[in-house]
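In what follows, structures are represented as structure tokens.
Two complexes, one shared chain (chain A), two partners (chain B, chain C).
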Partner chain A sequence: MKKMTLEICSGTTCYMLGANNLLNIENEMPSELRGLAEVRALPCMGLCNDKELSGAPYVKLNGKVIEKATPEKIYDAMRALIEE
Partner chain B sequence: MANGSVFVRRELMIRFVRAFNNGTLETDLDRFAVEMRPRLGQSSRCCIYHDRAVIKYRLMSLLGFSCEEETDEARTLASYYREAIERETPVNVAETIPLSVCEAGCSGCPSARVIVTPNCRGCLNRPCMYSCPKGAISIVNQVSTIDYSKCINCGKCTTVCPYHAIVKTTVPCEEACPTGAIHKDPDGHTRIDMEKCISCGNCFSKCPFSAILERSQMLDVMKAIKNGEKVVAMIAPAIEPQIAGSIEQLFTAVSKLGFTDVMEVAIGAEETTAREAEEFKEKMLAGERLMTTSCCPAYVELVRKFVPELMKYVSHTPSPMVLAAEIARKEHPGCKVVFVGPCVAKRIEGARNNIDFVLSFEELLGMLAGSGIDIIACEPMKLPRAAISDARGFAKSSGVTQAVVNELGNFKDDFKLDAKAINGIEKKTISILKLYAAGKLPGNFLEVMCCPGGCVNGPCSLKK
Partner chain C sequence: MGSQLFVEMESFQLTKTGQAACGDDIQYKVLKDENRYLAVLSDGLGSGVKAHVLANMTTTMALRYLQSNMDTLQSVETIMDSLPVCELRKISYSTFSMIDIRLGGITKIIEMGNPQYIQLRGTEEVQPLKHETIVSKYWPDRQVECYELKLEPGDRLIVCSDGVTQSGLGEGPQYRFGWRRCGEMEYAQERISRNPSISSYTLARSIAYKAYGISQNICKDDISCMVIYMRKPRVMRILTGPPYHKEHDNIFASHADLGEDHTIICGGTTANILERIVDRKVQIDLTKLKLSDKLPPAGRLPGVALVTEGILTLTRVCKALENNESVEDLPTAARKIIEMMLEHDKIEFVVGTKVNEAHQDPNLPQDLELRRGVIRRMCAALNQNFRKETEITFF
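Right, the complex of A and B next:
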């Protein structure tokens, strides 16, 4: 299976609103998911302007945006990709 | 790990700064609560109306008011804004305290006590009954039952029950407060006793509802910059592990906010170390038996309010913040100085020592986020005077001692250094300090840091 790309927005807004808890996610993943994604921290992706502020922190899994990202949401999305 | 209520606070900061930069803050303030909690949206508490009420008080505190100052509930935030924007200087927190309880946000946790849960099996060994020193437990209808007229909340029964059926409920703010400053008034409202509060900020960081609010000076800082005043930011060393990106990138980011200059508070710590080592040497050679550190303001408040007999042993050396401000004023005559740190008590020390403003790390990041400035996208700034690592080490427990020990290495051994440290102020700390004051404990150099591990774990640090 091709490695997934997991991009974590580390812009100041996302960082403050929870991305700081996601930056170490590679090492915290459940064992069945570990190593399946390449994790990158990116500067602001511009998703948080005005109205969308409440959706931060944003991450992208294989290009697909996940709002209000938490480790659990990310793991679920990864599992869904595996099943596809 | 930060929780939901912390994110609401931070999101409000970002919205606040965005609106200030757009020049629409006065009109937007009264809209935020509705925008964040629309009629058909989700609520974090019982309903959107409760959420909206709490948001209003959070915005009041961002404007620099304490929610206890509210006399007219119908007063709009726009009206508070107009008052805030007119004031010459922020409210002097040394005359009050920087913290207040947001009643609308407070859950009014029931007083701490021991309770029997339905897990009780009414077992025949009855360890709870036999371990209770006050005979407060009996078995009624096959269930362990506590007589609260006898129970002293010692919690012995909670440790012996094989079913973990007896638990002690807590009030997180009261439990976290080392001085007993938080209590409930006769009507059940949580209050902070100004006479006892040392502004350590434990309640602020431990309340799971984030119902303890800080008076912010963010608006005052942004206003000064906007009015073209010279404003210098002094950043405490504890920030290093808190941000995405390096200190050098952060400095570029902060200067983009319009500060005249950005400097490390650690620059002041170098001077503090040299003077503190000198002071210690002089005192020891003069035959004094103890010197204790002065750089943690919550500790100094604790001594002032609860162990005044120890005051004469507290070092007279100004803290790194105060000395950094001297350097800033020398280099930029007429400037205003802003201390940025992880500390609530620095707000008081700042007010007492002519520091114009104090911001938390969270507020600084809020200003950056609200202004669309990304730390990790910034070029690293060449620091004109990078602080030595000993000075940056002030932010960690035993860092002050280490710096002074290294400095003392330059002196001849005319006396023996016997360094002791208290790493984190707890309820029992006052009695330990009384023993130091009475000369009943060994050691001639006593470092006390209010926060366990030092300033890096301060109440306003972002990693919490």
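Right, the complex of A and C next:
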């Protein structure tokens, strides 16, 4: 399976609303998910002013936005991709 | 600024192990109208808070007497008469080095009890034009060494407390008499030959840590080193934005001195603007992430020295500059910005004034100040505490 791409926004709003707890996610993933995603931090995705979205922090998994991201939401999204 | 000579005066201090305060003190004063640069390093008797008070009284008085061109002997005697007497040793005492640089003229150095200064032109030691020893009739055991010298562009003066020259005292045959002035000079010459443009701060820090290493990583005395470097000014830029009008993005970004590594980008949106210009992506190395940092990690973009988050990082930098915090203890991104500021003489801020609406969200766990206010405070701290020139351009 091709490696997934997990992009974490480390801009001001995302960082303050929880991205600070996501930046080390590569080392904290459950063992079955570890090594399956290439994790990158981005300076700002520019999503915090998008009124259509529900709130920061934002991450993108294979380009798809996860709003109010938490480690659990990210793991679930990764598992869903594996099952596809 | 262009061809003007810049006098870079920086220092680094390590406190005696186990003491809460450094018993040495260093103060500077720039008299722009007279083209004079004054500096005093004093080592108070003993160590800790009591020594610091003695040293601080000495530097404060000495600086004032230098500024008012008071007679050397009278200055020294007044300082000695004014210091409080130590209950334990029944004497009042501090050693000091007073430096009075007149650009284009004669530089005077007055030393009492401190290790002799070092003047280096490149890596060559330069001897003073004149040297005399004077003795006070009221304090006959205190010799005052007075030097006159000529400083040329590229010259460095190194002044330190005896915590540097006596480091390692008794640590084996090599240091029977400590590192000594000759050891300190050889080390400085070696550092300069490896990096001829080494900044005053880096050289002072390097000498202080070398002395610390020689003493087996224990400060048996307070260690202070001051370096004064006569050189062409170094200019750096900090771009933080974005501009109020989007159509100004390109001209705003053109202020980044791409390729020279003298530019820092602070802010995610500012980074995005620069990414478009250089057609490359910011790389943030998460393998070097420090979880204790409490600031977003810094990244790299070809052509600029550093890319950081904006307002949180700038606010932290501002607080550290205002409070003279030690850079060693700062989060990585803030530490890197301040280290670069210390390496430069003039800091130009290119500031976009657009407010990010998301930053006004009341749900954010802390208040975010407006960028221009933080930058103004930062400039004041850089001027007052670090003798840096600053300039702000708003977009």
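To be clear about the criterion, the second predicted complex is superposed on the first by the 79 of 84 C-alpha atoms of A that agree within 3 Å, B and C clash if a C-alpha of one lies under 4 Å from a C-alpha of the other, contacts with A are read in each partner's own complex, and residues count from 1 in each chain.
Convention: contacts are C-beta pairs under 8 Å (C-beta built on N, C-alpha and C of every residue); 3 or more make two chains touch, one makes a residue touch a chain.
As the structure is a computational prediction, the values presented were derived from the model and not from experiment.
In the superposition on chain A, A:Ser31 contacts neither chain B nor chain C.
In the superposed model, A:Leu53 makes contact with chain B only, not with chain C. Contact with both chain B and chain C is seen for A:Thr12 once the two complexes are overlaid on the shared chain. In the superposition on chain A, A:Pro43 makes contact with both chain B and chain C.
By the touch criterion defined above, A:Leu23 lies against chain B and chain C together after alignment on the C-alpha atoms of chain A. Chain A residues 10-13, 15-17, 19-20, 23, 41, 43-44, 56 lie at the interface with chain B in one structure and with chain C in the other. Those residues of chain A lying in contact with chain B across their complex are 10-13, 15-21, 23, 41, 43-44, 50, 53-54, 56. Considering their complex, residues 9-13, 15-17, 19-20, 23-24, 26, 39-44, 46, 48-49, 56 of chain A touch chain C. Every residue of chain C that touches chain A in the complex is listed here, in rising order: 267-269, 271-272, 282, 284, 286, 289, 291, 294, 296-297, 299, 307, 309-312, 356-359, 361, 363-366, 368.
Of all residues in chain B, those touching chain A in their complex are 1-2, 7, 10-11, 14-15, 18, 36, 243-244, 253, 362, 365-366, 368-369, 372-377, 462-463.
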